[in-house]
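Okay, structure first, notes after.
Read from first to last, the chains carry the letters A, B, C and D; within each, the first residue is number 1.
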Amino acid sequence: MGGLLRKIRRTGRVAEAAPPRPEPGPLPAARELGGSAQVRCIDAGSCNGCEIEIGNAFGPVYDAERYGARLVASPRHADVALVTGPVTRNMAEPLRRTVAAMPQPALVVAVGDCALDCGEFAGGYGVEGAVADVVPVDVRVPGCPPEPAAIVAALRTVTGR
Amino acid sequence: MTSGAYTQLLDLACGVLLLCAVVVLWQRELAVLVRVLAVQGAALAAIAAVLGVHERRWGLLVVAAGVGVLRAGVLPYLLRRALGARTGGAADPPPPAAYRSPYREDVSEARETRPVVNVAASLVTAALLTLLAYAAARPLVALHPTPATRALPVGLAVVLVGFFVLVARRRAIAQVVGFLTLDNGITATAFLAASGVPPIVELGVSFDVLLAVLVLHVLTTRMRAAFGGTDLDDLRELSDR
Amino acid sequence: MTPTDSALLLTAPVAVPLAAAAAHAVAWRRAAASGGTAPGHRLTQWAGLLAPAAILVSAVVLAASVPSHGPVTAYGRLLRADGLSVWMLLVVGAVALLALAASPGYLAGERAAGHTDEAGAQRYHALVPAFLAAMCLALLAANLGVVWVAIEATTIVTAFLVGHRHTRTSVEAAWKYVVICSAGIALAFLGTVLVYYAARQAGVSEASALDWPTLAARADRLDPAVTRLGMALVVLGFGAKAGLVPLHAWLPDAHSQAPAPVSALMSGVLPAVSFTALLRFKVIADTALGTGYTRALLAAVALLTLCLSAALLLAQRDYKRMLAYSSMEHMSVIALGAAIGSPAVMSAALLHIAGHGLAKTVAFCSSGHILRLRGTTRIGRVRGLLAQSPALGAVFGLAVVALLGMPPFSLFASEVGIVRGGYAGGLGWAVSPALALVLLAFAALGYRTGRMVLGPPQPAGRPGDAPHALGAVAAAPLVAGLVACAALGTALGPLSDLLSAAAAITAGR
Amino acid sequence: MSGVGYVAVGAQVVVVVGGAPVLGGWMRQVRARLEGRAGAGVGQPWRDVRKLLRKEAVTPVGTGPAFRLAPLLLVATTAVVAALMPLASTRTPVSGSADLILVVALLALGTVALALAGLDTGTAFGGMGASREMTIAALVEPTILLAVFAVSIPVGSTNLAAIIAGTIHHPARPASPAGLLAVAALAVAVLAEAGRIPVDNPATHLELTMVHEAMVLEYAGPDLALVELGSQMRLAVLLGLLGSLAAPWGTATGGSLPLLGLALVLLVVKTALLGTLLAAAEVFWAKVRLFKVPELLAGSFLLALLAVVASYFLTGEAVR
């Protein structure tokens, strides 16, 4: 315990200074959310590269939580579905149901090139299509994988902070 | 010292004594057990000191200091050394460099992993033992009710819990801790009942306890050499078969 | 007797062994420093006899004066010898003399087999006299707290003797021995503390509230409830050291692992010394509570122990463990005698302590020779001892016959005395089952020993089968022990005064 | 007195309802800072509640009144507890009913309602969460009752107002072994009852470790807002209870308004202090595995029992 306490004191604050607000400004739906967005991650068939970056976005350095975003365990609690990967055949219906389970107003954020246009996996026999082919997408985050900063910026347009 | 403060301090020290016995049952980490034992020894010394100040018997303060040094200092130190001998020792050659893990301590040696009676059940047993001590101590309290003798059940409860630890634990060090808890309980009973036994007896008893712990320390080392550990479950070669 | 004389007589049994222990401890350090290679001196081997000789001489001198002139005290009543302690001192001295006379032979054998070296031998010579000193202190101390300290000291001193071989089994035995005995005897200390509390509340001063004569004289004023709790704890605690149920588990392990002469001491006199402390408390409790309480307690413990030891004797396959369980059987017979408690029965019980001590010493020492000869402690692997080594077979067989309680050995007389007194004292309900159990143990012990001693010699070609002669030096203490045991059985002679004085003390009148 | 008394009751309820989310936000903020993060700010739970109230209410198919009523019941029982307890003043119109056993029963009612709601959803997680919650509750309730019994022995009453007033008049009482043991037992019980580490992790997303979260997975929108508000209020009330039993000084015993104001400030400070301690401790502790929770709770039960026993046999003249 003493060791941990010393480490906490030595480490101090890890979170980087908040960058300026992202350019396009908050989405219209952000006003209704009022600075709070619960996020449910949905892996529709990702290679897990994007999951690692999402994890980093919520880690101490980028600290997406300071803008009011928080990961939750249930789509019922969520305002934002963070969808990654090309949608595989088996995940198409679960994705549709998950988005349907979210209470309105709800947003879908597609994270990564695969989610936007199937990327490397386009035309694969198991791939149903991009996220937009299955559910309506509100925010797009390109990159393979996208940088945590980009994910945080996308989430900031949702929370409006 | 006013009578109120005296009672308060005495009760507080007794409470710490009992609490330490409970924590000994609760904790599995052997290093923590040893630390708790030191606290218990300090509480015991505090009981003696409070009694000494209250009754204005300055000899008792000397006894208290001795008890404190032995039970909060020397005995825990010996036990810590017995624990620390785990990683080194001539009888126990270090493993080849290729197999040496970054975790120098063998976890199974540092903890009571599988007590004979699981912790939840032993805590409930401790509750029953406390009630038993309370029932058994009623004639003792009735003989001469003072704030000190009213706390006698605490001493008996610590004795019973110590005995239970002795029976229900499989690690050699945990058994020694149980033995010392038992002994702390007896000494506490002696202090609470009659302000301690005569100094010559107290001296002899302390000396015996110290020697007993030393002997057990040596035996622990030998046990590691012979069995490769201090799991008392390994001690099952002698039986009537 | 002048104060100087009495001080000298009471100090010698403790101080001479302690001095011997200190001298050997120095030699042990030196031998350990030199790597255990330095050769031993013949002189130091036999010098070990000095300590038991001192005990015996003091005991004999005291025995001449105490029955007629009353208890002797020294150092402001810190040490005190009455009939009971002198009788026990005699037993300790005699048994220790036999055991230590057998020691050089035992150590020579161990050294020849490579089990020990000079350092080990010196350690043995240092620890055994210390053990004797602790026992004598337990017998001579007038303060019950000091008695407790001395008895706990015996545990600590003998721990390394039990674990002398560093093998897995001896470490196991030593651990169990120290933990069970220390914890058990800690209960006895709790009992002592409670009696002290009762005495202080009865108005006894702090200095004399643990002094046995004072306590015995003023026991009628002790609070009964507190004394009852204290006595129960004392029976449990000192019973642990005496090999009585429920804290007996250390006894067979320790006795089977210790060196044979130490086993003899630990089995022959150590339980008896602990039991003597119990008897002292019994005197106090009997006055404070009436005889019924301690009687019920002791009878119950004795019967349980007897049940257990008889059952385990029936199934026993190891002869050293067999002898250990036989000790438990005899201790429970003695405890039964103490439960009956009339003066005649108490003298029978004290005689039983002496006879058992002598016979068990011979049995354990000869079992050491058997172990060296055959290299095993399994009963099944030892056959035809008498044919191979007539002297050893005869001594071992006779020792067991003595333990079985056959005439002319003294155990016959004492057992008959206890049984007769039990029926006369209205304890038939306890004596009858005890008798049945003793017979059961008798059958088991007799049958197994018969198989070991009698029969044709083992087929040739196995190690250790050559005809074996015990040798005069090794045989002398064994024969002496048997003769002494038989002599006690036929006539007490000058000892009868001492025995009746001791019995009068323990009977509480 | 009655006027100030009514004000006190109202102020307590307002402080608890308004302050509970802030307390939650504060604890998260403390945690974030210790973990090297910036944190979302103290007001974040209120933002969450505001947003959830604006959102659509979803009632899953097949659920009945148990599901719909549970959030209301949770908040209502906790609000009643907040009104009853002498958090700021021991002399209120309802302090006569502030029985500790009643308080415990009201809190248990909320727990049971939520567990029933979890069962009502018919999902695997709901049932699992409910069963775990009830396992823990079954072990916590006797502990709380025993601890309460222990602190009530010296007073001779289980009325909270009487206990706290008694402690203010006998300042040595919480330092007695019985008092210390009872408060320690209560602290463990509070952790379990409020679903904090090491019994339950309020920030978990792992199905295997969820207890409270698993029961409320199906709630959305305003219902979820009530559930979150309810659990935050429970934590605030329990910490307030612990604070006023361990250190009742400052609680108003008379009927003057300035004293009441001071008491409210002290209440907020005490609760915030306990919250800070708890949040800091949560950084150091790990959640124990579910099968080890009984071990922890058996320990706290033992502490409570020892407290009772100690208050019987360690009663010197100072306490009586």
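Everything below uses one rule, namely that contacts are C-beta pairs under 8 Å (C-beta built on N, C-alpha and C of every residue); 3 or more make two chains touch, one makes a residue touch a chain.
Composition by chain, UniProt nomenclature: A = Formate hydrogenlyase subunit 7; B = Hydrogenase-4 component E; C = Hydrogenase-4 component F; D = Formate hydrogenlyase subunit 4.
Nothing here was measured: the structure is a model prediction, and the numbers come from that model.
Undergrad: When I count C-beta pairs in contact, which pair ends up with more: A-D or B-C?
TA: B-C
Undergrad: So which chain ends up in the middle if you average the CA atoms?
TA: B
Undergrad: Between subunit B and subunit C, what distance separates the C-alpha centroids? Give it in angstrom.
TA: 31
Undergrad: Taking the mean of the C-alpha atoms as each chain's centre, how many Å separate subunit A from subunit C?
TA: 82
Undergrad: Report, in whole Å, the distance between the mean C-alpha point of subunit A and the mean C-alpha point of subunit B.
TA: About 55 Å, centre to centre.
Undergrad: Indicate which of the five shapes (line, ring, star, complete, other) describes how the chains touch one another.
TA: Topology of the interface graph: linear, an open chain of contacts.
Undergrad: Mind giving me all the chain pairs that touch?
TA: Chains touch in the following pairs: A-D, B-C, B-D.
Undergrad: Once bound in the complex, which stretches of subunit A touch subunit D?
TA: So the residues of subunit A touching subunit D come out as 1, 4, 8, 11-15, 18, 32-36, 38, 60, 63, 65-68, 70-74, 76-77, 79, 101-105.
Undergrad: Which part of subunit C faces subunit B closely enough to touch in the complex?
TA: Listed in rising order, the residues of subunit C that touch subunit B are 143, 145-146, 148-149, 152-153, 155-156, 159-160, 163, 166-169, 171-176, 178-179, 182-183, 186, 189-190, 192-194, 196-198, 200-201, 206-207, 209-210, 223, 225-226, 228-229, 252-253, 256-257, 312, 315-317, 321.
Undergrad: Which positions of subunit B touch subunit D when the two form their complex?
TA: It comes out as residues 3-5, 7-8, 10-12, 14-16, 18-19, 22, 26, 118-121, 123-124, 126-127, 130-131, 134, 137, 141, 147, 150-151, 153-154.
Undergrad: Which residues, counting only subunit D, touch subunit A once they are in their complex?
TA: Touch list, subunit D to subunit A: 32-41, 44, 47-48, 50-51, 54-58, 204-205, 207, 210, 213, 217-221, 224, 283-284.
Undergrad: Quick one: which bits of subunit D touch subunit B in the complex? Just the residue numbers, please.
TA: Within the complex, subunit D contacts subunit B at residues 172, 175-178, 180-181, 294-295, 298-299, 301-303, 305-306, 309-310, 312-319.
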